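If you scroll down you'll find the structure; I have some questions about it.
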Amino acid sequence: MQIVLNGEPRDVSDSTTVRALLCELHLDKSAIAVAVNRTFVPRSEHVTHRLAAGDEVELLAPMQGG
Amino acid sequence: MDDDTTTWSVGGKTLRSRMMIGSARYPSPDNMRQAIVASKASVVTVSLRRENPDTRAGQAFWSYVRELDVHVLPNTAGCHAVSEAVTTAKMAREIFETDWIKLELIGDDYTLQPDPFDLLEATTLLLAEGFIVFPYMTDDLVLAKRLVDVGCDILMPWAAPIGSGRGVVNPTALRLIRERFPEVKLLVDAGIGAPSHAARAMELGCDGVLLNTAIARAGDPVAMACAFADAIRAGRAAYTAGLMEPMEFAQASTPTVGMPLWHEPS
Amino acid sequence: MDDDTTTWSVGGKTLRSRMMIGSARYPSPDNMRQAIVASKASVVTVSLRRENPDTRAGQAFWSYVRELDVHVLPNTAGCHAVSEAVTTAKMAREIFETDWIKLELIGDDYTLQPDPFDLLEATTLLLAEGFIVFPYMTDDLVLAKRLVDVGCDILMPWAAPIGSGRGVVNPTALRLIRERFPEVKLLVDAGIGAPSHAARAMELGCDGVLLNTAIARAGDPVAMACAFADAIRAGRAAYTAGLMEPMEFAQASTPTVGMPLWHEPS
Amino acid sequence: MQIVLNGEPRDVSDSTTVRALLCELHLDKSAIAVAVNRTFVPRSEHVTHRLAAGDEVELLAPMQGG
Amino acid sequence: MDDDTTTWSVGGKTLRSRMMIGSARYPSPDNMRQAIVASKASVVTVSLRRENPDTRAGQAFWSYVRELDVHVLPNTAGCHAVSEAVTTAKMAREIFETDWIKLELIGDDYTLQPDPFDLLEATTLLLAEGFIVFPYMTDDLVLAKRLVDVGCDILMPWAAPIGSGRGVVNPTALRLIRERFPEVKLLVDAGIGAPSHAARAMELGCDGVLLNTAIARAGDPVAMACAFADAIRAGRAAYTAGLMEPMEFAQASTPTVGMPLWHEPS
Amino acid sequence: MDDDTTTWSVGGKTLRSRMMIGSARYPSPDNMRQAIVASKASVVTVSLRRENPDTRAGQAFWSYVRELDVHVLPNTAGCHAVSEAVTTAKMAREIFETDWIKLELIGDDYTLQPDPFDLLEATTLLLAEGFIVFPYMTDDLVLAKRLVDVGCDILMPWAAPIGSGRGVVNPTALRLIRERFPEVKLLVDAGIGAPSHAARAMELGCDGVLLNTAIARAGDPVAMACAFADAIRAGRAAYTAGLMEPMEFAQASTPTVGMPLWHEPS
Amino acid sequence: MQIVLNGEPRDVSDSTTVRALLCELHLDKSAIAVAVNRTFVPRSEHVTHRLAAGDEVELLAPMQGG
Amino acid sequence: MQIVLNGEPRDVSDSTTVRALLCELHLDKSAIAVAVNRTFVPRSEHVTHRLAAGDEVELLAPMQGG
């Protein structure tokens, strides 16, 4: 199935979890916060939160700011 | 008298320096790090952006910042709606492991002015979620009252529009907020262009100043960071020591008694 | 970057601090001495007055000042005529054993404004007598040119009328003098009321600032002396480091690339 | 004879010198500069400079200044 | 070019003068009437207060105003809550037989600042009831946007706090509102102390100015009313004619070609 | 109250308008003439330049001006030395058949600042030759005193450097000159950029304003000339009528007695 | 019964109307707007609107304003 | 002989007068003021003032000014 990851289309296996997606991207140990369809998904739910086709996933990391 | 040995507290933390510093717009990450160290700031602002799994730029930046002995103040820069700001704040809390959030809600894309309506609403929501909100706001006294009424004990009025570097445009407004809310932590954010501006804000009784562009875009950001640190300490000391009153006309500093013959009015 | 380890020179002497401090109007002699020490100023201004043989107040004052490790800059405060100023300068040279003279020639008793005409004439005479003249002047560029033309390489424009504490009233004028005479030592005297004012003067490129009333009449002169020292150092460092340019409108400090979905312009 | 010392009339012995006046006032070792009739009299001339009746003598000392 | 023969329109009415005048604080009712006549203002602001059946002061005042050939703009001065303002507006509509209402909602008793939150809410309610709202507001661009978004096509930002007479404190803010909302009728209310202030507001592109204290508390209110009328006409004409651009440094007005021999640079 | 029917006098002539207008830098001679007529100015400044016998441009210009019903005030624009100015003044007297001379002595080519030293000397010489001197000067009070001391009863301080259009940079200085020399005719020359600036100068008590660049370089010089005429009349009327005092904080214009129930402080 | 009229207690006949009150005060032809208990009572309802004991009645008239 | 007229060299007859020069230039009836060698020559002296070789003659006329 296809999701939108940080604004780009991406193919992932059906009903993958947030956690699985992070592992696949080698970001599971990183400073990353996740939102799906504009809603924050806390780390405690990464293992259980399954993605659906068309989900808009945002992976945010620290960045310079003023 | 000497800020180097005294501390103050804001948002549940005890700080040495009254300067807060941003992490954006420096010529290089190394320069950023040196400027932050030179500033002796206790608080550094950061943001959140999409991570590219290939470049992992965010991880690199974060490892830079984590090595510094500073508190992190995440912002919600770029948010235009209450829900955006709330989501961003929650994500920031998880990543940075802090309840602090510098709440920016933009009401105009050209001037990047804060939106007082969304700001009040988002502040109310985030306080209820246990956040410690640093609301970036105009210098409107009524907005300040509203924010304090919903339980906010930190206010971050601008000196002038973000990045304009014009200094404290309306000192009367800042002084009013200070007088009306002596217990609130009053931090000036945005619009400071020179150390004299920061000193002025502190002389008016502000508790701290957040700097970014004026340092990062200086000819020599590291030297400028030191300059701001000195100016902020100077302004605070002056506020505590008590400034002389300005007068419309002149007054001699040298005494006029005992003047020699030739000084006598002829 | 760090004025504590760098020096500069004026009138043939090498100095550590860019701050000069007056000795008048303090709550007490002890307070004066503490403020001067706290300021770390390298130069202290003094004056001459009639000595009463019974009280010998002048001797007492002088013994106070001599113990401090400072250069003395005598003034001609109160002089209204060229001949008065010249006589006073000669007497000061003998007593204080210095060629330095802060030349004040008052053109108006109410505002204590300097008289450009008498000032130019007296400067010419005193330079011919071997004095090193620190001319207290308005910020008039043409007067500056005239003084430089007669050989003066130090200029002491006011920020605002003596004792008014209003800060740099006309920054454009100071900046012009700085640009036109990059080699001249440019010292701001009079009109400074707060550390932010002193920082501003230094940011404009002045070489030093002379303070008196703003320190002596502060609630706590000793703490205020420290505040001014910091502010002057800050302003100098900012001038050297290069200030950002002020802009009329806002510019974001936090970058806008990589914004999450919800920040995209809708 | 009478002179004016720092604005006050004062009797001194005839044709006294500046130096003698300073000694009499116990100011000879002090930080004092002298003007007679608005003209500076340098220390080197204190011994030789004789005062005349009516002379206006100014004895100036260090003082606070801004 | 000549306002005396041109007209403009606001709130559905066509007006000759761009000046609006208040009816309060004059030395006497006669003086008020003469000042209003002298001002040639087309609009006079009034208020509502409790009528004492014995003195019937309100009836007397009203008969004074009705004789003047002016449009009446009732205000909600003193209201601190949305419901108060709405009730007052409805009562004013009945008495004065006009849909116009100058909406004042005070957010702070000391500065008499407008409350942006209540103002927006009350404006929304009153527009729905068919009122033509003249909202007295700060110069906050975001508030302006919100008011325009709910359908308000008139904005009345302050120049400075009511009665302070300080003039346009933040010209950049007014200019921004003007540029962003070219179709809106932009009227400056409060804070004007002198005709030069009113001229400045008009030069920035405002459509009109409402005056009260500066006229009523002048030494001679009638003469001052004329002065303001002239200044407002001058400012409008200057805005239309197009002001020269300010420059940092000098430019000769007299041409430099054809200079005689002795003017040649030597 | 109404300048149209009152007159004032300066330099031995009785004038209707308090506006003086320059003749340089207009888009065209016709435009110049229309602007001068529209301004209703009583005085027009002119200059002298080499005449080309072939084009005879000077004769053409002069015939334009002579048709206007105005007094001519020749200037010494471009003069850098006392002798130049004196020679130019004498030539102007012969051509224009007037003792009036606007004395300009430039001390700096970049800022076109007046030279106080040469100005005082040339004024002294020209007064002795029977001229009526309008000395273009800075706003230095001591220079004003010197000029008055040598017999000058007209002063023409700048508002800001020529052609800068920044308005009255130092109102305190102008007010001081006004208070100190109530009998002198005080005319502001140079630095005025907008009608509000001219009104401000008049509100400070100046007797008149000389305009050129701000009119000639306006988008529509003729309309701008009218605008300045109105503004100058407004400023004068305000000075005579007596301005209200500015206050730091707010004061209600609408009375607070008789407030309805819902306005009572809760 | 007693009402509060413009902040002052006042006795009026039971169940009087707004209109009757205005007539009694000779204000029926005047420029007056009426609120009862903080609610506006339009002129068209003056005849029918009956007052109750304790009503807070506000009679407002034109006044100077800025 | 040669003079300098308004900055340009010009040949004129020997010992001509200011008046003659103005006539030659058809400027005798014009609004013109004359200086020779930086000194003003008033109209009353135009007839008598003779020019010498090398004289710097300035003929000034009205001009726009601020």
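Labels A, B, C, D, E, F, G and H are assigned to the chains in the order they are written; within every chain, residues are numbered from 1.
Methods note: a residue touches a chain if its C-beta (ideal position, glycine included) is under 8 Å from a C-beta of that chain, and two chains touch if they have at least 3 such contacts.
Remember, it's a predicted structure, so these values are computed and weren't measured experimentally.
Student: Determine, using the mean of C-alpha atoms as each chain's centre, which chain is farthest from chain F.
Tutor: A
Student: So, comparing C-alpha centroids, which chain is the farthest one from chain C?
Tutor: G
Student: From the mean C-alpha coordinate of chain C to that of chain E, what's the distance rounded to whole Å?
Tutor: Measuring from centre to centre gives 46 Å for this pair.
Student: Could you work out how far the Cα centre of chain A sits from that of chain H, in whole Å?
Tutor: Averaging C-alpha atoms per chain gives centres 92 Å apart.
Student: Just how far, in Å, is the C-alpha centre of chain F from the one of chain D?
Tutor: 55
Student: What is the distance, in whole Å, between the centres of chain A and chain F, each centre taken as the mean of its C-alpha atoms?
Tutor: Their C-alpha centroids are separated by 71 Å.
Student: Please list all residues of chain A that touch 2 or more other chains.
Tutor: In chain A, residues 6-7, 35, 38, 58, 60, 63-66 touch at least two other chains, as defined above.
Student: Pull out every residue in chain E that's touching 2 or more other chains.
Tutor: Each of 22, 24-25, 47-50, 52, 75, 77, 83-84, 87, 111, 113, 162, 212-213, 248, 252-255, 258, 260, 262 in chain E touches at least two other chains.
Student: Please output the residues of chain F touching chain G within their complex, sorted ascending.
Tutor: Per the touch definition, chain F meets chain G at residues 252-255, 258, 260-262.
Student: Chain F touches which residues of chain H in the complex?
Tutor: The touching residues are 6-7, 25-27, 30-35, 38-40, 42-43, 58-66.
Student: Which residues of chain E touch chain G in their complex?
Tutor: So the residues of chain E touching chain G come out as 22-26, 32, 45-53, 56-59, 61-62, 65, 74-75, 77, 83-84, 87, 90-92, 94-96, 162, 212-213.
Student: Taking the touch rule as given, give the residues of chain F at its contact with chain C in the complex, in rising order.
Tutor: 107-108, 111, 113-117, 120, 138, 140-143, 145-146, 169-170, 176
Student: Would you tell me which residues of chain F are touching chain E in their complex?
Tutor: 1-2, 22, 24-25, 47-50, 52, 75, 77-81, 83-84, 87-88, 109-113, 161-166, 190, 193-197, 199-200, 203, 212-214, 216-224, 226-231, 233-235, 237-238, 240-260, 262-263, 265
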